[in-house]
Each structure stands twice: as structure tokens, then as C-alpha cells.
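Comments concern the structure below.
To keep things simple, chains are lettered A, B, C, D and E as they appear, and every chain counts its residues starting from 1.
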Amino acid sequence: MEMSSLLNWVTFLPALGALVLLAIPRTETQLVKSWGLLVSLITFLASIPLFIMFDGNSAAMQFTTQMDWIPAIGASYHVGIDGLSILLYVLTTFIMPLAIFASWNSITERVKEYMIAMLILESAMLGVFISLDLILFYLFWEAMLIPMYLLIGVWGGKRRIYAALKFVVYTMVGSVLMLVAIVFLYILNNTYTGAYSFDLMAIMNLKISFSAQIWLFLAFALAFAIKVPMFPFHTWLPDAHVEAPTAGSVILAGVLLKMGTYGLLRFNLTLFPQAWEYFTPLFLWLGVIGILYGAWVAMVQTDIKKLVAYSSVSHLGFIILGMFAMTVTSMQGGILQMVNHGVSSGALFLAVGMIYERRHTREISEFGGVTRVMPVFSAFFLIICLSSLGLPGTNGFVGEFLILVGSYGNYPVFTIVATVGIIFAAAYLLWMFRRVMFGPLTEKNKSLTDLDGREIAIMIPVILMIFWIGVYPSTFTAKTEKTVEALIEKANKAKAEMVIEGRKPILSDFLGE
Amino acid sequence: MGTLSIPLHYFLILAAVLFGLGVIGVITRRNAIVIFMSIELMLNAVNLTFVAFSNYLNNVEGHIFVFMVMVVAAAEVAVGLAIIVAIFRLRETVHVDDIRLLKW
Amino acid sequence: MVNINIGNADFLAILPMIVLSFTGIYLLVQGVMAPRMKKSVLSYLGIVGILFSIISNFYLLTIVTEGGQAFFYGMIYLDKLTIILNFIFLVTAALCLLLVNSYSTQEDIEFIEFTPLVIFATVGMMLMGSSYSLMSLFLGLETMSIALYALAGFRKFNRRSLEAALKYFLLGAFATGFLLYGIALLYGAAGSTSLEAIANFLSQNSNPGMMATFGIALMIIGFAFKVALVPFHMWTPDVYQGAPMPVTAFMAVGAKAAGFAAILRVIIGAAGAAEPIWSDLLWWLTVITMTGGNLIALVQSDIKRMLAYSSIAHAGYIMIGIVAANDVTVSAVLFYLIVYMFMNIGAFAVAGIVSGKNERFVDIKHYAGLGKAQPLLALVMTVCMFSLAGFPPTGGFMGKLYIFKAAYQSGFQTLVIIGALNSLLSVYYYIRVVVAMYFQEAAEEQESGSILPEVGLVLLIALIGIFYMGIFPGNTLTWLYY
Amino acid sequence: MAIEEILFWFFAVAAVAGGLGVVLHPNPIKSALFLVMTFFALAGEYILLMGHFVAIVHIAVYAGAIMVLFLFVIMLLNVPEETRQGGVWGAMRYVALGLFVFLSFQLSYFGFQDFFGDKQQLVKETEIGTVESIGMSLFSEYVLPFEIASILLITAMVGAIYLSKSKLIIEESKKKKAVEKEDH
Amino acid sequence: MHDFIWIIPLMPLLGAIINGLFGHILKGKAGFIASVAVLISFLYTVRAFFIVMDGTIIHNELFTWIQAGDFTAGAAVLVDQLSIVMMLVVTGVGFLIHVYSNGYMHGDRTVGKFFSYLNLFLFSMLMLVMGDNLLLLYLGWEGVGVCSYLLIGYFYEKESASKAGLKAFLANRVGDFGFAIGIFIIFSTIGTITYAGIEGQVDKLMAAGVVTSAALLLFMGACGKSAQFPLYIWLPDAMEGPTPVSALIHAATMVTAGVYMVARLSFLFVRSDVAMMVIVIIGTFTALFAATMALVNNDIKRVLAYSTISQLGYMFIGVGVGAFAAGVFHLMTHAFFKALLFLGAGAVMHSLADETDIRKMGNLYGKIKITALTFIMAWLAISGIPPFSGFFSKDEILAHAFLYSPLVWVFGAIGAFLTAFYMSRLVFLTFFGESRVEPEVEKHIHENPPVMTIPLMVLAVLSVVGGLIGIPAGLAYLWGGENHFANFLSPVFANAASYSEPHHISHALEYGLMAASILIALGGIYLAYLMYIKKAMDPDAIANRFSGAYKVLSNKYYVDEGVEAGILNPIVRFSQWLWHFVDTRVIDGFVNSAGKIVWLLSLIARRVQTGYVQHYASVMVVGVILILAYYIFR
């Protein structure tokens, strides 16, 4: 089957699965659940040939399809995949079956709507990663919002409505400005080339004036910064995680946060290289503050899920550092770290979900000495924690180390401050691990049962992935090598031509080197 | 065909004054019927302006428009008073201050 | 003997209006002559009349000349814009008539005179849409208004409905006074009330003098009242809340569309040359309307009042298209009006059913648990709400996108940003309805109205309309492009 | 001062006095009569402006039909006099006065600048106001508005009749319907 | 060629995986499997030793581990003289401790888990010493850190044990922070992190002026791992873990990793005398500082822990002054006798039902003769009595230190004196004097099973014989035979030696120093003998005379509490403030208040809709007037 049609098939398979679900009666919860799992598994298996056939040593878009969608305003269905999106694409298909399987018996009411929402969410996320048309991207970006909103709002915890609303409003603020920027780009493209088109490839080689770039860059950056989440815009994440059901948190942490960083690379860097250069110090500051802020606040959390949520803020701070350091090593480390964070913190949420299912509480003080009664779980949980804090030999280390090594060359001061982050990463994770798993076995936890077959089946692929990336990362870094090189080379070329009308960028004086 | 010694703008200013009076009537009076009368007064002011311009422009369109305004005024009176009567029958009052159910 | 050169072509031009007027009169006679006949049949006959009118409207499509042509000594102008506007008014009237029967069974009032009034109001609207002179515009406007005054007070034994009628009548007449005064001044300045003459007058002298400026200003105020732009919107919430549900729907969509038709004809059409005069004024009116409408809608708990403020806000969004005033304006405004029709008709249809007897359940908390009680209704309402908020897959998003694009092209970026932020603000009160329906459990047991097949048809049309305009806007756009 | 000018001022003063009467007088009947006075004054003005036919129709329609309707309704509802403290004499009075002065001044002074001073236009003796010219144009150029007027009037009639239909008829039809139910 | 070399690290890894997965099934046999795995890797190490003996350095790359942009790190092995010595120590002592653990951990519920961790530790340690680039060194570094965390916290049900484990890992992590930055500096200047690469371009580093900062940062990593002054706080608490763990990790192998790193990167450290001076200062200070704390401690394992910190101080003095061979030699001998001391202490505790307080011991010599005898041999070795290994290695370091600067030698000597004193105090209190053991415990004191005593004996032999292979030049001159150990390692330190001018010790000076150090050691022992056996001077009287100093020492200079109050609490309080104030109050507050303001605004705007028709009309009129005014004044 031709690769590009396979890409379309894999993207829209979950949505088709959701349609079929409509036919299944509401009462057949078992059938509904197994169908959902089956569809997501097939999607994953179908995405593997995509990963394998993806040609590592070409930076161009692969498996592309371009069709007219709204000819009147020049919007086309233009999709394709390159080094940036291939890893995240497969990560999404990898995490979805785990998330669905994890919510096997934790979701009891309205199972059918739940499964439909999950499958549509998957299609929307896959769509975001492959769309190369601005309006198509925006469509998938918003379409992803609704099922996630329902997931948090309907099946969430006590304060779910507040959290869901906060999640929607935060994202909407960003994406509304992005829409304005998209339309501005659309007009700009029209004035230069006369053609009406939202196509990213066409807009990419536009000569946008520096002042316009500044404004456009900020509009896009705000939408993605909220999604990442970067330091000042992160307060929606802990609420969303605490209130979301387990599967919701896994997807939220596993894939949704990567939308932000992916967006920054795909749009901000390729379309506005000069503005990217101009704002680098600011984003480095925010990234590093995010690392320390996330780590410190995570340390004092009493709720495990909130702790992991803040840890995500810290981990993504590393990714931001890696991206803005603009060396091939750090960028590749950043992209790999996106996958690692997806696997590690996704696994963390799965684990937290498992003990939540047993004890229905997430307060750390409620636990103690759980290893005594759940040794297998303790082993898995330990490996996941170690991978999350970046122990060499696990996936976390490879990504983090590459980021730091790569960015030291250009920004030594920022890197040193970021490396302090790895100390606190160990602090909050292992301190939580000690208070939950070690210490004397408290009365309440005596009755806990260890993991059953289903839960082990969820954990094993994650552990394998952790060690695979840890020990032999080049299967993944090889895929992104050429694209990253091309990206950075293009950015540097643009930077060279950057003629700032005589005045030195004020911002970077104040902030960084 | 001579001209009368009355300057045109006298009529226009008279119409403007009458229009203002009508507006004041609408704002200050509490009785629905009187408000309606003030609106009629405004319409008449407009008619006067139309006739004045029709004379100044020496074309018949102004007069035709006056007829149309009269038709509309008549129609409005019919429906308006029907509404006022219906309200009176239900609420025994025509004072606009008492008719205040729908607010905020 | 003066020969009156009004030939067949003239009558052809206003064929849809003629057909509709005859239907109206026939209904009156039918209503009186056959007392034993079931009263609901009247509305079906009305709809049949409208269908005939639509058919004649499509027929007009074939004979319309490219640039359009004036008839009846420059009273009527037939071009593609007229046909599209006719299409919008007729479909709105048809959809509202479909809602009437379920409403009348709910309230068990005899609705004999309802259909003729709606028919005559539609005739008035069509006249406004195709007017080429201020006289025919004025007459069309008044026909529509008089019919709507009566319709607003239709539940004549209900204090709210009559209050709404009174308020609408008094303020309507008051605003008509200003409009007329504007027409008079413009007539004085331009020498004639025909739009063609006014257009020539304004294009010749760039500074038309204070009288003409006042004329245009007062006319804008008249239209602003009709379209409910902010300083002149005060009547809308009270009247929409008081009037019976189908009438509110008819007013929210039909009257507003007619208002914009008038603006398109007069401001964009005739006074296009005098743009510097009215451009800044409309810019400010648009901003205040959007912000005011959205702001007050946030705190509304009554669904009809909320939809009233939402319609005010949407008037603001459409005005962005008007302010843009370039070649794309007309198709952008028309596209938005069509989507606006589907969204609001759908929303009001659902509100009608949920409100129950004597419109008791009109508070948003009465929508709690609707998701479970009536999933189909909840689905339609959710789609309408998302479309009103401007979420992508729906028509609402495409409408806004197209309007923003138009505004961009003539350089109104700040207006677009304010528009974007406003639609963000509006997300909150639209989502609140969805939240009530799906996330909250129904408080006390309220008997949910049964859905008649007609209303089901209306809901279906609304749903199809929203998604069709949302996912395949292309062909509607090309059709509108002229 | 020519005779016309005197007439003009006479009618003008009458009209304004009538208007003031309508607005200020608390008793609605009195204000209705004041309105009639204004109508007659305006009719005079029309004649001065050579609008003879319009004047006649004006008196017939307004003074004759509309005012009669008004008086009839006021009598029917025997509307009480408005009390002093609200409405005309209340706080709104000063606001209203201010608005009135400002609005009419704006309109008249600025609106009609073109006709002041030397550019003054004098009223022309024209033949356009006659019945013959109005009749001719009414049935040639303006035939469509004429027809639309008929639609307008029908609508108004239907609305007015529906709204003012008294309870009586409604009860009767309900009884009839109840009877039908028992039949089948 | 030499692909067999990969068997050495992979065997313990295999053992760890087997025990990890099937530990609960294997139960007893787990220890056996683990010991066999270590034995196989020890035998192969011996085979590799003979290959390295005749001069060939084994270098073998399995696959490129990480490759991104211009940063490459291969999974490659470099076995030269230095690493073969370390491998011998690691696998040899490791094997003995594995055998010993079979006995010690007998009857433990999750013994499979214990041996799996132990094997994993050995794998990490071997990777650390065998890696050919800094990244593998870092991998081993953090690997042993995790294993020490797991093993210290092995008795996880004890609150103090799990806390100690966390403390150890975090302290190591602080050290690793410096280590990582050192790697970044090196990579960003010369683009490679393999030892060969660094050695080749070390002058480029000199030119870039980053040698000092890189060396100091790497040394910070070494301090973290080898428990030198600022970062030693975790070692005394690490005694919570089972004793074989203390023996293997906190005496023989892991803590020496810092010394190995400095030795391995000798060519780098030598080039920055500032760094060398810092190492010497910290080494000396730690040696003295730890020794003082050991004087007053009454827990048998904590005394040994402080003694380890002190001896590590000596090793760092050795490498600090440029005598890398002497440092490594002392590392090896220390591994033998310190492991023996720990295992002995473990045996003592085992027979006294896990009693660790030496004040409740005494007169055990008769009852557990083999343990006592081996313990005494180790005691004599560590105190520096001539024939034993301790004397030769410590003396060589002191000799080189004297050349570096006499002041350092003086402090070293004082340290040696204190070492001799507290070790003798320990031995006299536990084995001699009157028995202070509780009656019911005394009843069933029994000698330990052979599986524990045999390793003790082997280690005793090593700690005696170990010294001979490194006889200093002076003595060698007397007995013919040169310092085999020094010149075995000389090729590794050739680059360093060539850089800093070699300084020769005149024989006379050497003899003098040797005599002095013997005298000091004997003095220390005699003082302890007077105090604890003869009771000539009552230790308690001295204690309450210098009660101030005694209290400070016994509370370990209040360092733990200081760190707690000075660093940990402020961070926790700051984070609390960050969370409560910045997160909820500032950011969320801002967002919610924005929401509230909009809400209030709309409430006010809603009030405008009063319901009176006149109000609506007047608003309209005001609107009209404003618009007209706008046009007038436009």
C-alpha cells in the first residue's frame, strides 16, 4: 500500500473506529472497551511500518498528500511527516492503547462516550502532527480540545468543571491569537505571491519583515507556550492533571504537552528565524526558570499527581533549553526528550493511576511501606522514577544529557543553572518514592493487592521502551538527524541575512549574553 | 412665478424645533398615549421638512413621501393603540413606569 | 394621456413578493371562511406559499442580469444580492412557521392570525432587500415592523408578551422618527430619494455638506436600532425575552438580516463613496457592540436573554465585515448571515421545546441533565453553541474566519484582534450551557416537551446547515461570489 | 413685512405653542387637543409652501382620523391626570430641557447652514403641490409604494383586530371546542 | 580481539537480571548464582591481567552508544594497567564479600533482591573502571550511586535506613552535578570525551584556560562519590545498610571511584597546580577531620566509616601531591584491610545479635578467636605497623607529601597518630578488657560459620602480603627488588610524570620518615593501651574535662543539623512559598481576578437595562446627540 495513503489511513482509523462505536449499544460496555482497544492497537501496528520506512537521511517531507479542501480561500488538505513529527506520531499511537487499557475498569459510567472521545482525540492529535496547512493544523488543534475537555469535564474528579473550563480558556486564549496570526500570514502571502493559500510550504519561503516577524512570533509562541506549559502559563496543568481520569492524564502528559514544543519548532523556528533569534534569551530564561520552579514546587506537593504535573513543567523546561540552544546535539536531545517525557511521565501517571484505583486517594501521607505488599509494582515504579530523573542507562538520561552537552557550547550559564535541575529532579522523585514505598507499612495499606496480569501487560512495553531508548538511542536519533541539521542550517542562514535596521535588539542586551 | 418672501430655512428650523419637542415628550411623559402623541408630533415635523424641501427642489417626491408617512402613521396608530388597550385591559394602567417586568 | 411604462419585466422582478402577498391574503380569507378546519393547517399552507415563492426566486436566478437592473421607476433593484436575501428571508419564515405548531399546542392558543402576519413581515423584508429607493426601503421596513409589533404581543393574555410589544412599538416608532428625519435631510441635500441619485450626489462632491452628513448619520442610527447595535440595542433583550419563542426566532434572524440588507443597500451601495463619513462611526459602534454584547451575556441566566445579547454580539461581528467595505464584504456578510440563521434557529428551536408550557423553564439551570434526558436535543444545542462560539468544524468558525479575512484585507487588524478576543470571551457563556447539559444532573424533575416531526425537521436542517457551512464552505462561498 | 410672513409667524407660533401644550400639560385630553391645534397650524404652513393638496389630506387624516382615535381611546380608558412629581416635573425635566435645547440647536443651526445668510432661498410659487401633478406621479412613478401601502394597511388591520379582540369571542370558541370533544 | 573482555562486566549483569526476575523462587540459591557470576568475571580479570602484564592495552568497542550532531559516545572498553588493578580489587574483594554475604544474609526474606542489587552494583563498578570515555565513567558513577541507594535502604521498613539511602543518593547527585559540568566544559572545548582524546588535546584545554575549572569540577564529583569534606555526610548514615554492603561499597570499591577518576585523568589534573593544591588541602583536612570524629564514636561501624573517610583523605593527599601510584597503592591495600575490618565487625555483630555499641562489648577474644585474630591483623595494618600493607602504602604517601610540603606531612602524621589511637581503642574495647555484654546475649555467643570466616582469613592474608608488592624504593634498595607496583602503573602516569618534574627522595630522608611514622603508630597504640586496658587515664575524666570539645565531636560538629537547617529547610520553605504564594496567589489570583473583574463589569453593565422605556429612549437620544456632535466637531 502506498506510504502516503497509509499515513492518511493511520491518522483517520481511530475516528472511523469511533464512528463504528456509535452503532454498538451503550449497554455492551465490554464490547465497547475491547473495540476501542482493538482499534488503537491496530493503529499502533499500522504506524510501525511508517516508522521503519521513514528514510532517516532525507530532511524533506515524506508520505505527503495534497488535495484541495476549500479552494475558495485556498485551504488544502496537505499532510506529510518529517524528522520532527515521526517520533511524536509513533509516540501517540504507542501511548493510546496503554491509556485505553489502563482505564479498563476505572471508567464505569458512560463508557461508550468515553471511548468515542478517546478515539476522536487520537485522530485529532495525529492530525496535528502531520498537517502542513495552517488552517488544517488549526482545525485539528481545536478539534483536539473538545474531546480532552469532555474527558476532564465528564469523567474527572471533584473540581472537574473548574479544571476543564480553565484548560479550555487557557488554550483558547492562545489559539485565538494564533488564528489572527494565521490570517495575517495568509494576507501577507497573498500580497507577495498573489496566490491565496494557507500552505505552510509556500509561506515558509516568504520574506517576512523583521517587525512583522516579532509580532507573529509572539502570537504563535503564546499559543504554544501555554500548551508546553512554560513558566508563567502553567497553572492549568496541575488542576487538569489532578481532576482528569488516569487515561486523560496519561494522554495529557504523554502527547498534548508535546504539541507546544512541536509547534514552536514547526512554526516559530521555520517561519520566523530572525524573531526566534531575537527572543532566544527570553525563552532561555523562561525555560530555565521553568526547570527550577517546576522542580522546587514539585518537591513540596502533597498530591502525587500534582507532583508529577509540576515535574512535567520542569522536564519541558529542559526541552525548551535544548530547542533554543540551536545546536544539532541539543535540538536532537530536545526532540528525544519529548519522546522520553511522553514515555516516562505517561508511565508515572499509569502507576499513580494503579495505586489510586486501589486506595482512591493521591495524598502521599496516606501511603507508606507499600513495597511490602506490592513488590512487583514497587519494582516497576522504581524503574519509572529512575528513568524520569535521568539515570544513565534509561531513556531520561540520554535526552537530558544531550540537551545539556549541546547547549553548554552556546549558553554555558543557562546550562549550569539547568544542570542544578537534575539534583532537584532526583530530590522530589525519590523523596516521594521513599514516603510512598518505603518506611513502615501503615495500617491502611495492609490490604493492597499487587499488580494483576492486565496492569503488568501495561507496564512491560513502557519498561522495554525505557531501556531501549536508554541503551540504544540511535534507532531514534538517526531519524531526526538530517531534519534537525537542515532546520538549524536554514535558521543560521536566515540569521546571517538578518539586517536589523541599525538598532541592536534591546531585549537580548538586558536578558542574556 | 414669483417667490414668497419667507426664507426656506424658517420652515426647516420650525420643523427641527417641533422634532425636538416630540423627542422631549417621549422621554419625559409617563403616559404611553402621550408618548405616542409626541412621536406623531415628530413625524409631522418630518412631513413639514419634506414639504419644504419639495418646494425648494421643485419636485413632487416630497409630497408623495408625506403621503406615505401618513399611511405609516395611521397604521402605527392602529396597532399601537390596540397594544395599549390590550395592556390596559390586563394591567389597568397605561403608565410606562408600572410596566417593568422585563429587566436586567 | 401619460403612458405608464411598467411592463411584464417589472412584475417578474417582484414575483416572489407577489406570490407571498397572495398567499397571505388567501390565508386570511381561508382562516375566516372555514372555521371548522384545523387551525394548524394554516401554517402548512403558509409554508406551501413560501415554497412557491422560493421556486419563483430560483426562477429569477435564471433571468437576473450580471450587474442587476432597476424596475418600477427605480423603486426595485433586482440583482444576485436581492435573490440571496430573498432566499434567506423565505427560509427563515418557513423555519419559524414550522416551529409555530408545536408552540401553539404547548400554549394551546389559537394561532390563526400568526401565519399571515409572518408572511406580510417577510414581504416587508424582501422589499427592504430589493429596494432601490429610500421610499420603498422605508415602506418595507415599516411593513415588517408593524407585523412584528403585533407578533411580539401575540400572547395577548400574557403580561410579558404585551410589555415586549409595547416597548418594541414605542422605541420602534421613535427610531423610525429619526430614520425618517435622516431620509428627509438626505432628500433635501441629494434632490431625490432614489439610491442611484444619492450615490451620484455623494460621489460628485466629496464634502457633501453638513445636512447630508446629518442625513447619513440619522439613517445609520435608524438602522442601528433595527440591527441592535449597542447604544440602540436596549429593546432587544426585553423584547426577545417577552415575545413568544417562534416570534423571537423570527425577529432575531429575519429582522436582523433585513436590517443588514438595508445597510448593505444604503450604506455600502449608495453611500459607498462617502466612506470617510461613516467609516469611523461604524468602527466605534462595532467595537462597543461586540464588547457590550459579550460582556453582559456573561451574567445572563435566562436562555432567551442570553441569546438576545449573543445576537447583539453577532451583529457586532457582522459589522466588522461592513466596516471592511471592500469587494469581499458583501459575500462575507451574506455567508455569516446564512450561518447565523442556522445557528440561531437551531438554538431557539431547542429553547422552545425545553421551555415547556407558558415558557416556565427558560433558565440555564433548567438545561441541567438534558444530555441524559434528551440526547438528540442536547446534541443539536451543543453544536449550535459551539458554532456560535466559533469552534472550527462548525460554520460559525468559517463565518468569522471569512469576516476576519475581509477586515484584514482593508487593513482593520485591531478590529480583528478585538473580534478574536470577543469570540474568546463568548466561549464562556456558550460553554456554560454545554456544561449544564452534560456535566450537571437535573435538579427537579421537569416534564420535557415532546418533539414534533416538524421541529425535528428544523433541528435537522439547522444541524446540516452548520456542518455543511463548516466543513465545505467552499461551494457556498463561490455561489455567493458575484 | 409681507402678508405671507405674518401668516407664517402666526402659524409657527401656533404650532410651537401646541407642541409645548402636548408635551407639558398633565391632562392627556388637553394635550390631545393641543395636538389638534398644532395640526391645523401645520396645515397652514403647507398652504404657504404651495402644498395645497397635502394640507387638505393632512387635516383629513391627522386631525380627522388619528386624533379622533386618540381621543376615543383616552376617553375609553379615562386615563388619569399625571401626578406632578413624576414625569414632566421630575428630575428628568432638566435633563430633557438640556437635551431638547442641544438637539434642536444642533439640527437647526448646523444642519441648515447652507440656507443661512446670502444663500437664503425663498419659497417659490410652484405648481407641484396641485392635485393633478401629485395624482399623475402617484400612479406612474410611485405606483409600487402605493401598492405596498395597501399591504401595510392590511397588516396593521390584522394586527390591530387580533390584539383588540376581547375575551368574549375566545370563551365562546372554547365552549364550542369542548362540545366537539364530547361528540366523538 | 579480546572480545572476552565484555564477559567481565556482563556476567554480574546477567546475575543481577536472573536474581531480579526469579529471586523469590530461587530463595537460598540466589547467593550461590551471584557468587559464581562474580567468580567467573574474577577469573577472566586475572586472564586479562596477564595480557596487560606483558604490555598490551585492551581496547574494544561494542557499538556507538549515543551519536547526535558532533557528540559521539561509544560503548567501548579500555583495559590498561590502572583499570586492571581496579578490576582485580573490585572482582576479588567483591567475590569474597559475596561469599561472606551468603552466610551473613542467611534467612533474609528477600535475599534474591539483595544479591541482584549486589551484582548490579558490581556491573556498574566494572563499567566505571573499564569505560574508555567520560560518559561511561558517568554511567558507572550514577549506576553505583543507585545501587548504594537501594542497598543502604535495603531494610526499607526501618525509617532511618530509607532516609539514609535517599541522603546518600542526593549527596552523590550533588557531586555528579559538578562531574557533568566538567564533562560539558571538556566536550565544548575539544569536542571529544574519550580519555585518549583528552590526553591528546590536553594542551588545547590549557590554551583555552579551562583546565583548572574542569579539574576542580571533576574533583567535586570525586568528593561526592568518595565522601570528601563537604559531601561526606552520607557515609556515616550509610552504615544503616547490611554490613557486607558497607564492606563492599563503602570501603572497598565505590568510595574509591573518586581516586580512580583523578588517577585516570592524571594528565589533566597535573596541568593545573591550583587543582592539585585544592585536592591536597581537602584530602588533609578530611583525613584529620574524620579522624577526630572517630575518636569519640561508640558505634563499631560508624568508627570504621569515619576511618574510611580519613583513609580516603590520605589517598587524595597521595594523588594530590602527584604520587598517583602511591595513591592507588594505598587504595588497594585499604580495600583489603578495611573490607576485613567491616566484615569482622559484621561477624562480631552477627554473633552479638546485631549489637553495634562497643560499650556493650568486651573480652570477646576468647569466644570468637578467628574473627578476633583477623580483626587484629587488619588493625595492625591500618595503624601502619611495618610488615603490614598499611604501613608501606601510607608511608609512601607521607613521604611524597613531605616533598610536596612538610606541613602536609605534619598533619598526615597527626592523622596517622589519631588513626592508630581510635583503631586500638576499638580493638581493646571490643576484644579485650572486661566483658560488658548483657548476660543473656553472652550465653550464646558463637563463632561464625566457615562461609564467613574463610573470606576473613583470605582478606587477612592479603592485608599482610599486599604491602610487599609496593615496597618503596628505599627499602627495595636494601632488599633488592624495586617497587613493582609503582613501575607497573608507570606507563599510565607517564604523561603526568613527564609534565611535572619527578622529585626523588633521598634514601636517608626516607628512612627518617619511616622511623617517624612507626614511632607515631606505636605511640598511638600505647596511649590507647594506657587508657582502655591499664585504665591509667580514665577516658571519661578526660571527656568531661574537655566536655565542650567532647560534645562537639560526639555530635559530629553538628554538621548534619547544620546542613538540615542551613540548606534543606530554606529550600523547602522557599518552595512552599513559591507554591502557595507565586503559584496560587499570584498567577492563579491574577487569572481568577481577571475573570472576576469581567464578571463585575458585566454585572454593572447589566444594571443599565433598567426596564423603563423612557430610560431606553433617553439612552438612544444621548446616542444621537453624541453622534451628531461627533460630526460637528470632526
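As a convention for this text, a residue touches a chain if its C-beta (ideal position, glycine included) is under 8 Å from a C-beta of that chain, and two chains touch if they have at least 3 such contacts.
Because the structure is a prediction, the values reported are computed rather than measured.
*Asks:* Once the contact rule is applied, which chains count as partners of both chain C and chain E?
*Replies:* Per touch definition, common to chain C and chain E: A, B, D.
*Asks:* Quick check on the contact graph: shortest path length from chain A to chain B, in steps?
*Replies:* 2
*Asks:* Which chain has its C-alpha centroid at the greatest distance from the C-alpha centroid of chain E?
*Replies:* Relative to chain E, the chain whose C-alpha centre sits farthest away is D.
*Asks:* Quick one: name the chains whose C-beta contact count is the highest of any pair.
*Replies:* Chain pair with the maximum contact count: B-D.
*Asks:* Find the most central chain, measuring centrality by the gap between its CA centroid and the centroid of all protein CA atoms shown.
*Replies:* A
*Asks:* Quick one: report the Å distance separating chain D from chain E, using the average Cα coordinate of each chain.
*Replies:* Using C-alpha averages as centres, the distance is 104 Å.
*Asks:* Cα centroid separation between chain B and chain D, in whole Å?
*Replies:* Spacing between the chain centres: roughly 5 Å.
*Asks:* Take the average of all CA coordinates in chain A, do the same for chain D, and state the distance between these two points in whole angstrom.
*Replies:* Those two chain centres are 71 Å apart.
*Asks:* Rounded to a whole Å, what is the gap between the Cα centroids of chain C and chain D?
*Replies:* Distance between chain centres, rounded to whole Å: 29 Å.
*Asks:* Touching at least two other chains at once: which residues of chain B meet that condition?
*Replies:* 19, 22-23, 26-28, 30, 35-36, 52, 56, 59, 61, 64, 68, 72, 75-76, 79, 82-84, 86, 96-97, 99-103
*Asks:* Check each residue of chain C and list the ones that touch at least two other chains.
*Replies:* Counting only residues that touch two or more other chains, chain C contributes 135, 139, 142, 146, 149-150, 153, 156, 165-167, 170, 174, 185, 210, 214, 237-238.
*Asks:* Could you list which residues of chain D touch at least two other chains?
*Replies:* Where chain D meets two or more other chains at a single residue, that happens at 92, 95, 99, 103, 107, 110-112, 142, 145, 149, 152, 155-156, 159-161, 163.
*Asks:* Name the touching chain pairs, would you?
*Replies:* Between chains, contact exists in these pairs: A-C, A-E, B-C, B-D, B-E, C-D, C-E, D-E.
*Asks:* In the complex formed with chain E, which residues of chain A make contact?
*Replies:* 166, 232, 235, 293, 296-297, 299-301, 327-329, 331-333, 336, 369, 371-372, 375, 379, 386, 391-393, 397-398, 401-402, 404-406, 408-409, 412, 415-416, 419-420, 422-423, 426-427, 430-431, 434, 437-441, 471-474, 477, 481, 484-485
*Asks:* Can you list the residues on chain D that touch chain B in the complex?
*Replies:* Going by the criterion above, the answer is residues 2, 4-5, 8, 12, 15-16, 19-20, 22-23, 28, 31-32, 35, 38-39, 42, 45-46, 48-51, 53-54, 57-58, 61-62, 65-66, 69-70, 73-74, 76-77, 79, 82, 86-88, 90, 92-93, 95-97, 99-101, 103-104, 107-108, 111-112, 115-116, 120-126, 128-129, 133-134, 137-138, 142, 145, 149, 152-153, 155-157, 159-161, 163-164, 166.
*Asks:* Could you please specify the touching residues of chain C with respect to chain E in the complex?
*Replies:* That would be residues 166-167, 170-171, 174-175, 178, 210, 213-214, 217-218, 220-221, 225, 231-232, 234-235, 237-238, 277, 281, 292, 295-300, 425 of chain C.
*Asks:* Within the complex, which stretch of chain C touches chain D?
*Replies:* Answer in residue numbers: 2, 4, 6, 14, 21, 24-25, 28, 72-73, 75-76, 110, 113, 116-117, 120-121, 123-124, 127, 135-136, 139-140, 142-143, 146-147, 149-151, 153-154, 156, 165, 185, 209-211, 214.
*Asks:* For chain D, which residues count as touching chain C in their complex?
*Replies:* 107, 110-114, 136, 139-145, 148-149, 151-152, 154-156, 158-163, 170, 173
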